[in-house]
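Going by the order they are written in, the chains are A, B, C and D; count residues from 1 in each one.
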């Protein structure tokens, strides 16, 4: 069954927010997302009424999320799967920026002050998207390379479920529940696995990036709106951290800080996965990971950093 | 006005939980707390009915919290003050332990696996409290020092308000809202300042430590129950991080990870405080902090670590 | 001019050791290296007499280095270039291991104790190399995948010059002078650039890895012996950190700890390189790095970790 | 025997530099030190001829060191002890500064660039010392507190021996061999223990601080010149990290980065010391450290940070 859903409200927290739709395992969701700043496909900002609000507190405004989708039958301890079948960019532009107090080469903790230095100036960029040729370009009037043309690689920057114990502070933060992982691996032809912590899972997503380098160094990618087609599944089995599988790799996405802790989380988890599900003796698993494992840094800018541990499928038993 | 409150329910999250009592600025609360494991003054564990529960998720069981107390008139942007007038230990014992996968010299992230090593064995200890002489002792049959007698220094391990954006994951975590800071500075004759994020503030507390070393190295202090007398106040002014003031020091408690980030948070905040409230030119403030500032590490075991930056009151303008 | 050099002595420090040969810029060196454990092409261990020794101190035994080669005309402030023309493996096997107190998922600081946990058991592995087909295989009797066959990707694990201020403690440590970076990018068809700190540069190298995953997780790669052909060059220009260039990428290798500091070093350096040499306005350089930069983690096991920041050559001015 | 030594040359490295004097265990050294910037008791800078130089490299200019003193009979594996009997300040002033790209709230790695922010402005301060009353004062024309008077607490900022494997890069760096630990615990009435790595130990020292806060936040303390009286001893026993003992405490000084690693080093070492020398069963040692251990942060500004783990002598067996 295909659900075509048009959002009228966006959440800024991962948590027990009221579901917008019930879906069943095996169903497909076709819906849209606004960009990290809340701009829709026409470049219009969503209104205050469309945002999550509360009479007695405030919520972060960044990364508005479509959903939550309640998956019937999903119980704590299960695994929700999200097959990313299509990401169609719905706007001819993407905005980006070098953030001021946010990014891997300046203040490391969003919204906190760790330095006495003056903030970086915020600089903004508008990238033009050539969706036919799958490229983007920018105008750099002051640089020798005036109009670089870069390939698009659209992916879902923020996607997650309700966390285990409460409601996560802000949609900028990734963790065990997924969230703002900013991982280019969460793209078409990949399936994301997320641990179910509450009945129904309560899947939300948004923050499409049309392209992004490793680490999202300046704090901002090519931010744009999209239409997504996602096929939902359910596995009666528990995982601790988000996983992505595609034709070539199995992957674990660990999010924490410092960076080394995200690295360790992802690698301990993929090590345990090789042992539990694929018949590797444990020290053989470690040896193989050491020789054929790959690793990428998804972000070094969010309240938790995200590291992706990757193991080639060709070394899994057939 | 003095409120004598006997708790019948304990929370395990910092968040928008229903208040148990309304108090006004200037009022005093006299109430009791159970220990970090949920044991009351008779050593009995609180029942499941007395815990925070939810039909569709689970909550952490550690550090049950008394409250929340709703402070009338407290608005987001205000500062709640808690003068700690009395901490009376209500049990002749305190339990402690060397935790298994938790503590500054083993797995650094509670509930997460970062190492492939076998966990430490959990070892448990019962300390006998001599409340008249303000000491504790233990029996170490295998050590050359058989019965060390150590001084008591009771303090509130966990105390905080509802956080800014949601509900904090678990009562083990400290942050801007206070929480499980495990700071010995939060003791009698000190006043804790906390930022108000939601109407009423929603103050909760528990997890009394009868004594603790810097850093709470093994993950567990002398855990016991107590009766507290706390005088509540309200300041119409915004702070970002918890502060403690006593006769000798002004202090900021920064909580994050890695440890250096908690250090930076606390020190940037106390630097800005010296400039904003005490008339220090900013580079003079930095110079003074460098020469007379003191710093302690409250914990290196919780999901965020806590560092206390201290500045002597004698160098504040009279 | 081609120098064919047969080493009779191996050094275990980066520093002002007596040069074994003078070469000129433009010359080529053909020589051999023993593996990280000191085994030569016949699997024989080098003798004590062939090692660096001292009457009044001891040296680390790991990663014996061929050289130093004195490059005539190289002055402090210059850049030495090493074009890696050939790496021929000279043995049909490579040894590996999961180290005991060394590796990204256990004790993080080689030779130091940071944990109270029992060490991991050391497990050893012998990989058979099929040099004709450029693969390696191993026997895992206890795993479901019994005989995985992995591709070879030989590279130079340790290569560097004399450091700026003295002699580096041990050959395990990477830094500004290069050293034990364990970066797979230092392979055939790449040119490594190193800062000259002392007259002659004093190039040393060894520790060939026949294959290795990102991060060298277990602490050990496929360790083997090799014959190398390296073309030496000299640029009259100063760099701060090692660089690698190949047909597709320009790269900077930053080494430090914690991991995030290595990440920052590499990225600040490549940012400054784009601005200084390639005509990027500085905020344009940051924006491009954020969208098309790539990043790999070379090692998370040595006394300093190494992160590689990569920028595609196709976005450099023609 | 008392050696009165007048230095004519200063070293800027910890390493196998030629000894200026042989002393025997039990002897006392009376000598002088220049300040971290090379200013002597008259405020004159030492000449280039008095510095360590090399025809083919350069050395860091900071923290010139008096020595090395060769301790007869000291062999690798022994422990050198330095009883600090007297520190007499020899100048009526001390200089200080807020450093520009150096300090706990800005660039964390001296001489390296980790941030894109503009550097802090360097601001300089001259403190007047009242050596009779053991205080210092400063003029802050722009601050409400114009002339704070702070207590003096003179200590040796830099003191160490030749390291294990070579020569340490620069006198700014602390490590296993001691070095620029900047720890206020290295003061009068304390005895410092250092591991001997080379014959004679090769003790050097300098960089007296007349006062300093925890962490040396701005990168600079009250830098001045002094005359020292040090009694040298030798213990035929091996230690891994510097220790300080005084009437009340036994202490270990761990130096590394990140900060948490220095914390772990110091605490694992003091834990092992309690077990090896004082008859604590190991889990009892951990429990006691957790309840009565104290910890200070000596510096967060040098290439390695230094953390001091402290255990009260009153809980050692009599």
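Here, a contact is a pair of C-beta atoms (placed from the backbone, for glycine too) under 8 Å apart; a residue touches a chain by one contact, two chains touch by 3 or more.
Because the structure is predicted, anything quoted here is derived from the model rather than measured.
Under the contact definition, chain B and chain C share the contacting chains A, D.
Centroid distances built from C-alpha atoms place D farthest away from chain A. Superposing chain A on chain D by their CA atoms means rotating through 180 degrees, a value rounded to the nearest 5.
Looking at which positions face the partner, chain C and chain D present mostly the same ones, since more than half of the interface numbers are shared.
Centre to centre, using the average C-alpha position, chain A and chain D are separated by 47 Å. For the pair chain B and chain D, the distance between C-alpha centroids works out to 34 Å. Contacts with at least two other chains are made by residues 105, 108, 114-116, 258, 264, 268, 271, 286 of chain A. Interface of chain C with chain B (complex): residues 105-106, 114-120, 258. Remark: chain D residues 12-13, 15-16, 56-60, 76, 108-109, 112-116, 162-170, 197-200, 256-258, 261, 264-265, 268-269, 271-272, 286 touch chain C in the complex. Chain B makes touch with chain D in their complex at residues 96, 98, 104-105, 108, 121, 123, 125, 138, 140, 142-145, 148, 150, 211-222, 258-260, 263-264, 267-268, 271, 278-281, 283-297, 300, 305, 315-317.
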